[in-house]
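Two complexes are shown next, each including chain A; its partner changes from chain B in the first to chain C in the second.
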Partner chain A sequence: MPRVLQPFEYLEPRSAAEATRILADYGTRAKAMAGGVDLLPRIRQRKICPEVIVSIQNIPGLDSIKEERGQLRIGALVTLHTAELDRLIKERYTALHEAVHHLASVQVKTMATLVGNLCVATPASDMAAALFVLGASLVVVSPDKERAIPIEQFFLKPGQTALQPGELVTEIVVPAPAPDSGSAFLKLVRTAADIAKVNAAVCLTVDGDACKEARIALGSVAPTTIRAPRAEAAIKGQKLTGDTIQAAARAAEAESRPITDVRSNADYRREMSGLLVGRAIKIAFQRARGQHE
Partner chain B sequence: MSKQIVRLSVNGSNHELLLEPQMTLLQALRDELGLTGTKYGCGVCECGACTVLVDGKPVLACSILAISVRDKDILTIEGLAGNGNLHPIQQAFIDYGAIQCGFCTPGMILSSKALLDENPRPSRQEVKEWLAGNLCRCTGYVKIIEAVMAASETMVKGGSHGK
Partner chain C sequence: MASELAVVGKRLTRPDVAAKATGSALYTTDMTLPGMLTAAVLRSPHAHARIVKIDTSRAAKLPGVMAVLTTRDVPDKLFNMGTSELLIIKKEHLIADQHVLNNPVRYAGEAVAAVAAVDEATAQAALELIEVEYEVLPAVFDPLEAIKPGAPRVHDFAGNNIAQHLSHPYVSGDVEKGFRESDAVIEGTFTTSKQKTAPLEPASCVASFDANGRVTVWSPAQRPFLARRRLGEAFDIPEGKIRWITPLIGGGFGNGASLRAEPICVALAQKTRRPVKLEYSREEQFVATETRTRFVQMVKLGVKKDGTMIALQTRVIADAGAYFSATGSITGVNMAYLLGLYRVPNTAGQADIVYTNTTPSGAVRGYGNPEGMFALEQVVDMAAEKIGMDPMELRLKNHRTTGEPSRSPSITIESCRLAECMQLGAEKIGWKEKRATRNKAGIKRRGLGMAVTTHNAGSFPRMLDYTNATIKLNEDGSANLTAGCCELGQGITGVVSQIAAEALGMHAQDIVVYAGDTDVNEFDAGCVGSRATYNIGNAVVRAASEAKQKLLERAAKMLEAEPGELEAREGRVFFKVAPDKGITIAEVAKDAIYNFKGDAGQISGHCSWEAKWNTPAFEAVFAEVEVDTETGEVRVIKVAQAHDIGRAINPLTVEGQLEGSIMQGMGWALTEDFAVNSKGILESDNFTSYKIPSSMDIPETEVLLVEYPIESGPFGAKSVGECGVNAIAPAIANAISDATGIRLFELPMNPERVLHALHRKEAGGLSY
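So, the complex of A and B:
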């Protein structure tokens, strides 16, 4: 591995507006940097060679987690470590807490941001699976406008997001969990700090034994994180029993489109998609009922 | 690219360095300041050999730009012993045979320090989880975990004389 990084210019804008102007001016020659956990190793490996690094680390106001009008707002500089310790996320947005908790090492968590994780657009993103079922969206600013992108429309293919040159994500917005709902995240890995062979997130709203609403997402089994609509349909409006959960698990297997790579093979990933979805449904169900009682 | 004057505060001393922006904190420590305790393992956030503490938090010096941590408090393994006394974690690593080749040791000790500062009485499981980002090819980890548990005891009893 090369010991030195190729030269680049380094800029530290003091506002999101200034950052977007710089990013728009330089276009593909510039890269935004938050924690740098993904960006700097990529530069070291000579996979990318930006002329300008635009550090957003000194932009004020982007480092907080707050609840506003029932919505959770996570700024672009919130690190995984900060999110992991956040009580609100742990108590109410359980799938997100679990996704952060099981991710990487303490050092990576201290440096890396949630937004940076999403912008990398890896199909294995743990953040993405959890945020899919929690119905999150991203606030994106550019020199002349602001827009919201629902997370399900954010990923185009591995390594590619819907961001245009000059656009910066400033926040993740997560709606308040519905009453009588519960969520869970599960992940299968080779070793503790590794990225997923398969990950699954589930969010259920229940009415007694019945499932009123279901959102199920899978990661690492398709070019981007996916929802599993047929698995959701298998339990929505149904009593949650061994049989209906089994049907959802089988539907999830059929909806996964995995590949074989160094971490796992396609057949195993497909089978495990079903297994994780089944288990996550049971956990989310218990949590949703727990809240009800 | 243009060099800039960067002020780094390392182990309590201030240094003014003339650095190019692409210089990592690891290079600045090893090549500019001669602090070679911090190791270069993988260069890509995987091994933890380059772990240092910035404002008390464990980070990977291979993947941080020196310029981005100017004016922050950086602690490397060289700054841990105080007045010629080893820090209790360093002493425990020796007493428990937690060091073999030593390449992972500075990173292991600094990660452990960050843990014990945040959570003085961790369980074995918490120690394992916290050190998951520090790879060791020699010891098999058992003695390292024992050393951290022992250091926790010593420090809780008030035997901390490091920084």
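So, the complex of A and C:
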């Protein structure tokens, strides 16, 4: 295994427009880079060999978290560390906070960005699961247009996103949580700084004991992060009891399509998909009802 | 020896840390020589394959490529990458089974060819131009499969893939009779994993031949003299024609006790007649350097109702991997500790050492002992449960202690404070109280477990344990100490400087230590086997004492006194009866060189030390865990580790060793998994896939030093290097069992295995 990086050209555009022009010109020969924590090791391992790396670090305006018209907007240069410390995310977008908080080591958190993590398109992305249930979308710019991609349409398969050549993700947009809603994120790992064996995120809107709306997502148990619609159906419009939660957990188990790899095996992942969904429902339910665990 | 110690026992800052903290410390790969080439290695994609054809012509023509090395270019001579066998008094373990490059290749990742080029990019590009035609051969990865009739043969000479059969040399009594007379017989088969150590510095080497054909090798080898001899054997170069320099080592853990990158690097330097550097990537460090030995151990223990152990038997299958290396002596050590910790009248041990098509096994911290303890210390707990006895009581009743034979029966245990260790650890973990009140219902259950262990200081009497030390005083009152103490991060440089300073009456910071250079240092057996403080320390204390005698004699002349009237301490020589009357060591040392009266004679001391004794350290480990019975996750809440150290030369260093041991033991116990797929390809070859615990995973630790200075150690010190890792995994296993009632027989004890065992228990299957 080589220890050195293959040579590449390194460019630092000053605007998103300039970045997208470069990305459009070079097409698949170029890669955009924010923190570089995933990109550089993959270049070293020869999994990819870009001729040009387009750093977006010098593009102004991408490094902030703000709330505008009830929406949370997270720029493409916001690091996990910054997001972890953000009070708004912690108080209102709990699943996302939990996903960021439990991810990786401090060293990685200070380099890695949320958007960068999503663009890697790993099926194990913790942020993706949280953003699925929070209903997020991504703002994508190209030389001639801007579009929004709902996060559920962003991942095509492992390592592949819906981005076209010349497109750059500039922001994550998360709608304001509904009143009487609560979210939770859980995962299983080998050590504290590890990629999830299984992760699960749940966001519920409740009316008393009943579940009005439910969004459930699972990661690391399918080629991309997935919603678990049958699990959602098992509790939507239902009273949240041991039985309905158990039914949702069983459905989630059935909806998972895990593989065996170096981190875990398929049977364990399937069983844990249900377990984590059940646990996350209970936590999200308590949060939605304003109770604290 | 002064009654009150001035330097030994103090928590001094180690002399190597400033350079390491500032990044100025120099390691092997910092070495750069004019005209130096960079090497890269082509590795086999197959677990077992004959190289039918290899075409290097395109690679050789690439501009900047200076040499391509294949099996045709290496000596036609079998050797062994391990070094331990060079010191074994009985030669029964010796097997030479590999060339510098081998055909066939016997594990995925084994070197096939190598290139030396002007830079790394060129070397890497050249690798891609080497065309190899392989005939893929059937392969076997599991030692139990390997011994079956008809299994693929890894080496032609080894029928049923059995490289060697060992009988434990110290069998006693009649083990079958012992089992018949037992009230309870416990039996279990325990499988350990091929743990990888995780040194920050991967294997690396710089080699340079001079115009006279003499080669200098820089490498992080833990045993420079033995590495030199092994290398010389492989290349037919006499020892005197090799200068081996071990600079600072970026983590040893036994991995540097075998040759690694050196043979290929030297072969390329020989071929090109230019200096060559070879630095393994992390992936190469994982796949192509030796692992902990996978042991399958059947252990059977017979006890009386009152807890008296009367029979103990072990049958071992040891997985050597593709080459034998040190697996024979590791297996011997494994059986010796397993059968030698407790006082058992009837014992027997048999082992088969088996080849598989996997990365070779070799020396790793503990050297067979942790593997044995993972089995034995669980069986002891199972026995305690069966006869209804507290596991600590059972251990207190049966462990060998002061005055009894050690695991090497010819050596009587000089001092054993294991009982104190157990009592202290039990108190700190809350053994009695928590075991009485712990929550055994609910989803998350807590449990406490313990395990004990012992570990020798060096390898006497099975092996030659020999070292030398020389100290000389400079005119400013500082001293240079040359000794065998390679600094692999364990802190030995500080330890020997404190020992020398104490023995000589100096300050530790005035001692400059030099080690690891075969042209300058005298012979030493290496920083392995928990031997350095005890054996090198013993040489240093005697060399320094000899220098002190000369110091006092010269000072006596200067002060017009008798040497016996004087004492040296903290940089001064003074009258015992009038401590404020005296002279500085610097003044005496200056007089010894700039004498001008015809009486020059630099103050020095030397000791040539061959160990003739071995006092083991003892240790008790207590672990508290919380098991999530729905996920199978095991969280280690606290580890209390009490170590019978004799005397801690520097308590900070000893505590550092033990805390590191807890982490390494925890990783082996719970998460580290050398995962090989169905084709024998290593899937966990970096720190993303192979998980060692980090600072975020460390539990609360309480490291307790039980200090009763011993006669045979320097200032009373015992050893600490390996002992700490031995009993972590079984203590955790016993705690898991205490919490849940399940018994785990295989490492790592990951959530998948824990949950599987919990399900089996719920389904009414045997918990064990």
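Simple rule for what comes next: the second predicted complex is superposed on the first by the 288 of 293 C-alpha atoms of A that agree within 3 Å, B and C clash if a C-alpha of one lies under 4 Å from a C-alpha of the other, contacts with A are read in each partner's own complex, and residues count from 1 in each chain.
Just so it is clear, contacts are C-beta pairs under 8 Å (C-beta built on N, C-alpha and C of every residue); 3 or more make two chains touch, one makes a residue touch a chain.
Note that the coordinates shown come from a computational prediction; the quantities given were computed from them, not determined experimentally.
A.B. asks: Taking chain A as the common reference for superposition, should the pair chain B and chain C be classed as clashing or as fitting?
C.D. replies: With chain A as the common anchor, chain B and chain C collide in the superposed model.
A.B. asks: Between chain B and chain C, whom does A:V37 touch in the aligned arrangement: first, second, both, or neither?
C.D. replies: After superposition on chain A, A:V37 lies in contact with chain B alone.
A.B. asks: Considering only the touch criterion stated at the top, classify A:T110 as touching first (chain B), second (chain C), both, or neither.
C.D. replies: Touch partner of A:T110: chain B, not chain C.
A.B. asks: Touch test for A:V262: chain B only (first), chain C only (second), both, or neither?
C.D. replies: In the superposition, A:V262 contacts chain C only.
A.B. asks: Using the touch definition from the top, say if A:I53 reaches chain B (first), chain C (second), both or neither.
C.D. replies: first
A.B. asks: Please name the chain, chain B or chain C, that touches the greater number of residues in chain A.
C.D. replies: B
A.B. asks: Which holds for A:H81: it touches chain B only (first), chain C only (second), both, or neither?
C.D. replies: first
A.B. asks: Examine A:V4 and indicate which partner it touches, taking first as chain B and second as chain C; both and neither are also allowed.
C.D. replies: both
A.B. asks: With the two structures laid over each other on chain A, which partner does A:A214 touch: chain B (first), chain C (second), both, or neither?
C.D. replies: In the superposition, A:A214 contacts neither chain B nor chain C.
A.B. asks: Indicate the residue numbers of chain A shared between its chain B interface and its chain C interface, in ascending order.
C.D. replies: Overlap of chain B and chain C footprints on chain A: residues 1-4, 6-7, 105, 192-193.
A.B. asks: How about chain A: which of its residues touch chain B in the complex?
C.D. replies: 1-10, 36-37, 40-41, 43-45, 53, 55, 57, 81, 104-108, 110-111, 192-193
A.B. asks: Name, in rising order, each residue of chain B that touches chain A in their complex.
C.D. replies: Its residues touching chain A are 1-2, 20-24, 27, 40, 42-45, 48, 51, 57-60, 62-65, 67-68, 111, 114-115, 129-130, 132-134.
A.B. asks: Per the contact definition, I'd like the list of chain A residues that touch chain C in the complex.
C.D. replies: 1-4, 6-7, 105, 188, 190-195, 261-265, 268, 271-272, 275
A.B. asks: For a test of understanding, state which residues of chain C touch chain A in their complex under the given definition.
C.D. replies: Spelled out, the residues of chain C in touch with chain A are 40, 120-121, 124, 279, 281-284, 630-633, 671, 673, 675, 683-685, 688-689, 691-694, 696-697, 750-752, 755.
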